[in-house]
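After this come two complexes, each holding chain A, first together with chain B and then together with chain C.
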Partner chain A sequence: MHYLTPQISLIFSTLIFGTVVLLNLTKKDSIAVKLYMLQSAAIAILLLLSSFQKLSLLLLIAIIATIAVKVVFAPYFFLKLIKRHPSNFSHSTFLNTPLTVAVMVLLSILTQASFFKPLIFLSPSSQDLLFISMATILISLFLSINRKGALSQALGVLSLENSIVSFALFAGLEQSPALQLGITASIFIWVTIASIFTTMIFRQFGSLDVSSMRELTE
Partner chain B sequence: MNYFYSILLLFTIGALGSLFLGKKDQAANLWGNLFAIAGSVAGLIFSIQTLLSGTTPILTVPSAFPLLSFTFKFDQLSTYFMLIICTIATLASIYALGYVKHYYKKYNIGVLGFFYNIFIASMILVATSHNALFFLIVWELMSLASYFLVIYENREHNNIKAGSLYFMMTHVGTAFIVLAFLLMYSVTGSFEFEAIKTGIVHAPSQITNLILLFALFGFGTKAGIIPLHIWLPSAHPAAPTHVSALMSGVMIKTGIYMLIRFSLFFLPAVPLWWGLLILILGAVSSLLGVLYALAEHDIKKLLAYHSIENIGIILLGLGSAFVFVSAHLYSLAAIGLIAALYHTLNHATFKALLFMGAGSVISETHTRNIEEYGGLIKHMPQTALFFLIGSMAISALPPFNGFFSEWMTFQSLFQGVLRFDVLTKLTFILSAGALAFTGGLAAACFVKAFGATFLARPRNQEVAHTKEPGVPLRAGMAGLAALTIVLGFFSGTVTGFLNKVAASLINLSGTETMIHAQTQSVNIANNFAFISMPQIFIGLVAALTVVAGITYLLTRTQKVSRNITWDCGSDLSPRMEITATGFSRSFITVFQKVLKPLKETEVEYDDERMKYFPKSNAIHLELQDIYMPYIYQPLRKLVLDTAGQMKKIQVGYTNAYILYILIALIGILFVLAL
Partner chain C sequence: MALILLVITPIIAVLLSLAVPRKIWPLELIAAMAAPIELGSLIMSAISVLGQKSYSFGSFLSLDPLGTIVLSTIVVVGFAASYYSIGYLRREVQKEIIGFRRVRQYFVLFHLFLLAMFFAVTTTNPILTWLSIEATTLATAFLISFYNKPSAMEAAWKYLIINSIGLSLGLFGTLLFLSPTMNLAADSFISWQVLLANAHLLNPLLAKIAFVFVLIGYGTKAGLAPMHTWLPDAHSKAPSPVSALLSGALLNVALMAILRYKAVADITVGPLFSQNLLILFGAMSVVIPAFIIVIQKNYKRLFAYSSIEHMGIMALGFGFGGLGTFAALLHMIYHSLTKSTLFFSAGNIFLKYSSTKIYNVKGTLTVLPITGIILLIGFLAIIGMPPFGIFMTEFYILTSGMAAYPLVVVGILIALAIIFVGFLRHTTNMALGPNIENVPVGESNYLTVIPAIFLLSLFVIISIFLPEPVKSLVQQASLLVK
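Let's look at the complex of A and B:
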């Protein structure tokens, strides 16, 4: 039985798109982390629905691991970091809010350009879903570009990974459970290292605003 | 096929066990080298069995990664190269059992055994792998293992320097190989060799030309073709001798193997320019290689330069084969290919023998400078005999193997002179001329090397304390010396066998046979040329016997009296001998326009003011390195300048770097849509 119907897919892809748009607009780091949590939960549900058809134990383990790492572990660490250094997370951006919205609109329109068409051929029946996923990918990248705070940038990268998973899912590019497990493990390690690193960066620079870390150029 | 895995397993056990034994010198030496011998002998048996059976076993192990599969194919070409690798590795490992002893208490023997086993196994994998990604992995493994062997004696600053240059050059080469395979993938959509071979026929000629050029840069760097050779003269001497023997004798041939694979397997319709280019590079490499060797007085460097020379000779055979293939003269192409394949085997044997001979001398005298040897034949007569056999073989003197393969190369070039238009004919004439020159100069160089090392009087006090090396060292050299003679004597049989290897690459069906090879003789192009190596051998033995007999008959009644040589009232000293530098000086003077010698005269006077009576007079003669200032330094400057410009985009903001990613992503999509 098909659990991942076009309607359900559209709802979840819109939800993921919505979270990344809000991630760009929010001024509070704790809300950003929660938005990422919501986005990851949506991805996990999508994976779960697609896995019902295959009844694979390994896939189920991969989904449980995804939930554990992306929905629980990573947000928990980020929230803990925010709690520890409440005044040191920068949520400032290079562009102001109206310009940020304008760029997001432009990036969404860009996905309709002719040179994106070859990607649509991967699954012509899911054309709308693929457009939304591509817009999500581009806006996630933009989140990392526009934000000055290290945490927001990290969330942008993680959101990008979620967007790629959703694109692969709608494009029918089946990912093996082993690959999904590998990605989840790497996120787990990355978040662990990042939290240690953030503390070290804070000790060294007294800030987590990446634009103040000029010494990194040498 | 499990047998093949067992071979790899033997090397793996040898490597890991040796590393585990670490600094237990004796145990690590025995473990590492005995497993290397076992693996090589097993590989030798496997390759002989496969070649004789005429079958082409294929072994595929799928991988979890897309496009990568662990595919091995034991076709005639792969198995022939595996045979060469295993033959030389067996004898080099026997030699190593004794040679490695002089590293005891100085360096970690376990590490040497580890990388040595990995090195041999990776060379076998390079020759047998049939998936481009897998090939690149094992190619890298071979490069890294050999790099660590080059810098094994890491307390010597020069070795580290040589290793760094080798590391850099080999990776530049690998970058070109990757480009060649990627281009093939873009056309065929596969990294499997068989799929590439089938799919590449539809590729436009511009793409295939580019693939050939990338392959030439990539594999030519490993083979040491001039001007891509700069790493070779310093890296080969730096490694332990048994490794030098393998690097010079075998590893550089993997470059030749892949050039054959690219030209005759992947792209069998090679263009004429490709053959001519290989011929020209062969002529230049052989001639310049031997000239640089002549000017050298570091014995291992001298041998390394001769490797460049011999790669040039192999390229002459190969280039002529490519030209004939481009003209659809397949039966003539077989002559060139057989000459190249035969010389590949021959060079591996006599070069390994010469390196081992040099290594034995170095381990006794503790120097690589030929000028400090002399008179070693009295102390090391067996080593001298083995070195003499190697010297005669590399100088292409009958009845040794080097003579036959060079003779075959000449025949291939002569056929080209007879058949083509003016420009191509001229290239063949010049190539034949270069080969003739090379043969003569190589003989002169080894007169110098053997004379200065083993004959006359000692020039160093160390020589008085030298003795014949241990049994394993002599056994390794004796095996190679015997092989040198056997491969010369049975050249007809070997040619017949190589004809089958050539037939597996060149379509000979429906063409007139140009090689008639039997045990006792080889006939080229319907009696255009004929040779019988057994007859030459028997003739030479008979002539020597007759001369010895006549001498004996004439002198048996004469009384032999021994007296001191009249020396004009002064004592005979090593200063009265001609030095290696002195010997080669006339050659350098003749070729000074090419070699650009740097001569420095040092005169010390009894009275500095009068300058009438010189106390000492010394001439330092060395060659100017023309490749560094004219090719590599400008290239380096260009790379550094470009990198300097590129550094401007390194602004230090992660935001900017992610922006670059976004721009690149959109840019790539835009380009792909064009």
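Let's look at the complex of A and C:
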């Protein structure tokens, strides 16, 4: 029995897309972290649903590790950082809200461009899901570029990774459990390093706004 | 066995370094012992590859001629950088800039960095290659921020974010490339060979999208313009031996990943698509740094921009194809040796003058007699003056593109002329002139000089006389890339 029906897939892909859009719009870092948490939980459920038929011990470990790192560990670390420096998180963006919305709309339309059309060859029956996932990838990429806050940039990178995983799931490109575990481990290390750097940046610059870093302008 | 020894050595070095309590000399000893073991493993592996065209350990580790060339640059530069690091850090400890904990942190990350690069080159699985390249980002981020200054922090953060975004896009491209292999048995191990064998099953339009993402993703790590913005900051802020490894080894690893996917894409869509893209990115990588080199004020950034330029020249060689491919692979070796030498010289100058600003450095030929000469020879080599090897490889690369892309070649020649003028101005300013700051004359210590002499000598020797095994490896590798 297939648990990942088209209806369920559409609900989850829309949910993930929605979290990325809101991540771009939110003005509160704690909300951004919770949105990332929700997005990661959706990915973990998708992983679980897609693998029920071939569930093995290693796959189960990979899913548990994904939940532990993305839903528990990363949000916990980031929320702790926000608590430690409550007034110093920058949620400002390079573009204002109307322009941010306009860019997101443009990026969503861009997925319909002829360049991306061949993606449907991956899974012709999941055409809509693939385009939604592609839009999610592009908007996540935009999140990292548009945000001035170090934490928001880090969330952008993590959201980009989630978007790619969701695309891979809908396109039937899941990797073996061992490789999934490897990718999850790298995210774990990445989150740890990003958190340490965020603290170090605050110590050096007295702010987490990356636009205040101007030591290396040419 | 040699491959497993190569991978295990840095792991043991990391564990032993972590166990060292309070004394610096055991850390130095571990690094000094690991380097020749790694070099020996490389030589044994390379001999096997020369004889059998590939050398494997189980189904997880394997070396082909292309991998051997890239691995050689990592191991040889790593060998020299290990000893140079000892001398360099000793001087920093003497100046009380760092203490035991920072030295231990340095060596642990240094060995991890080497391990990640070894694994990226020798693993047979594309996803594991991606993971290893991602691991290089994680290992080096703290090496770039080693001095804990605001500028170093900024460089490291930029490096972390830009490369992570780039590599995420690289992962996306990788997954698309893997799509035809998804119908294979669930637990079958997808190797580069399997990927190549199934390349004809990949939809050509999909292959184009995949290659674009791979080129942008790994191209970010390889320092190709316009994704190069992290590179001058990271290379200039890292300690000099790390800059040498970043420039002389890591960029090659990322370029190797692009070349592996190029081989797959070429089977699916024909070579023209990837070649045109490589020419486009290559040309941008030569032209953009040319103008920045002229106005550059920091000598480490000068060398960093030169690395972008040389990655561009290599990309052009692979884009032009034919003789250009052979020349680009040889250029990779020459560039690694020369640029690492220049970064070692930069380290010696920094240790002496405590500044990376060009206008603060005068009379290196008087103050640092050996480093001054190394700097001058390195300068002549890197700008492609005859009789050095870089002159020949640049000549062959441009010749191979002259018939099909004359305008590109003319543009590149103009950019190279601008780079020559820029380098000439900066290097003469640094090398000549009086010692106006009254900096004490003499090299810091022999360990900061011998590794530079070693690399430069190696470069000069293989510039004049290209040994048959190296030539054979490059020829075999160019067939793989074609």
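Just so we're on the same page, the second predicted complex is superposed on the first by the 215 of 218 C-alpha atoms of A that agree within 3 Å, B and C clash if a C-alpha of one lies under 4 Å from a C-alpha of the other, contacts with A are read in each partner's own complex, and residues count from 1 in each chain.
Following the convention adopted for this analysis, contacts are C-beta pairs under 8 Å (C-beta built on N, C-alpha and C of every residue); 3 or more make two chains touch, one makes a residue touch a chain.
Predicted model only: the values in this text are computed from it and were never measured.
K.L.:
Sharing chain A, do chain B and chain C clash or fit in the superposition?
P.N.:
On the shared chain A, the partners clash.
K.L.:
Answer with first, second, both or neither: which of chain B and chain C does A:94 touch in the superposed model?
P.N.:
A:94 sits against chain B, while chain C stays out of touch.
K.L.:
Any idea whether chain B or chain C touches more of chain A?
P.N.:
C
K.L.:
According to the stated criteria, A:148 is in contact with first (chain B), second (chain C), both, or neither; which is it?
P.N.:
After superposing on A, A:148 lies in contact with chain B but is clear of chain C.
K.L.:
Could you say whether A:115 touches chain B, chain C, both of them, or neither, answering first, second, both or neither?
P.N.:
both
K.L.:
Contact-wise, after the overlay, does A:197 reach chain B, chain C, both or neither (first, second, both, neither)?
P.N.:
Only chain C is touched by A:197; chain B is not.
K.L.:
Once chain A of both complexes is superposed, is A:138 in touch with chain B (first), chain C (second), both, or neither?
P.N.:
After superposition on chain A, A:138 lies in contact with chain B alone.
K.L.:
Could you tell me if A:167 is touching chain B, chain C, both of them or neither one (first, second, both, neither)?
P.N.:
Touch partner of A:167: chain C, not chain B.
K.L.:
Which holds for A:11: it touches chain B only (first), chain C only (second), both, or neither?
P.N.:
neither
K.L.:
Check the residue A:183 against both partner chains and state whether it touches chain B (first), chain C (second), both, or neither.
P.N.:
In the superposed model, A:183 contacts chain C only, not chain B.
K.L.:
Which chain A residues come up in both lists, the one for chain B and the one for chain C?
P.N.:
Residues common to the chain A contacts of chain C and of chain B are 115-119, 141, 144, 153, 156, 210, 213, 216, listed in rising order.
K.L.:
Which residues, counting only chain C, touch chain A once they are in their complex?
P.N.:
Residue positions touching the partner: 125, 127-128, 131, 134-135, 138, 141-142, 145, 148-151, 153-158, 160-161, 164-165, 168-169, 171-172, 175-176, 178-179, 182, 186-187, 203, 205-206, 208-209, 232-233, 237, 292.
K.L.:
Which residues, counting only chain A, touch chain C once they are in their complex?
P.N.:
Residues in contact with chain C: 54, 115-119, 121-122, 137, 141, 144, 150, 153-154, 156-157, 160-161, 164, 167-168, 171-173, 175-176, 179, 182-183, 186, 189-190, 193-194, 197, 200-201, 204-205, 210, 213, 215-216, 218.
K.L.:
Which of the residues in chain A end up touching chain B in this complex?
P.N.:
Where chain A meets chain B, its residues are 94, 110, 114-119, 138, 141-142, 144-148, 153, 156, 178, 210-211, 213-214, 216-217.
K.L.:
For the complex, which residues does chain B have touching chain A?
P.N.:
64, 650-656, 658-659, 661-662, 665-666, 669-670, 672-673
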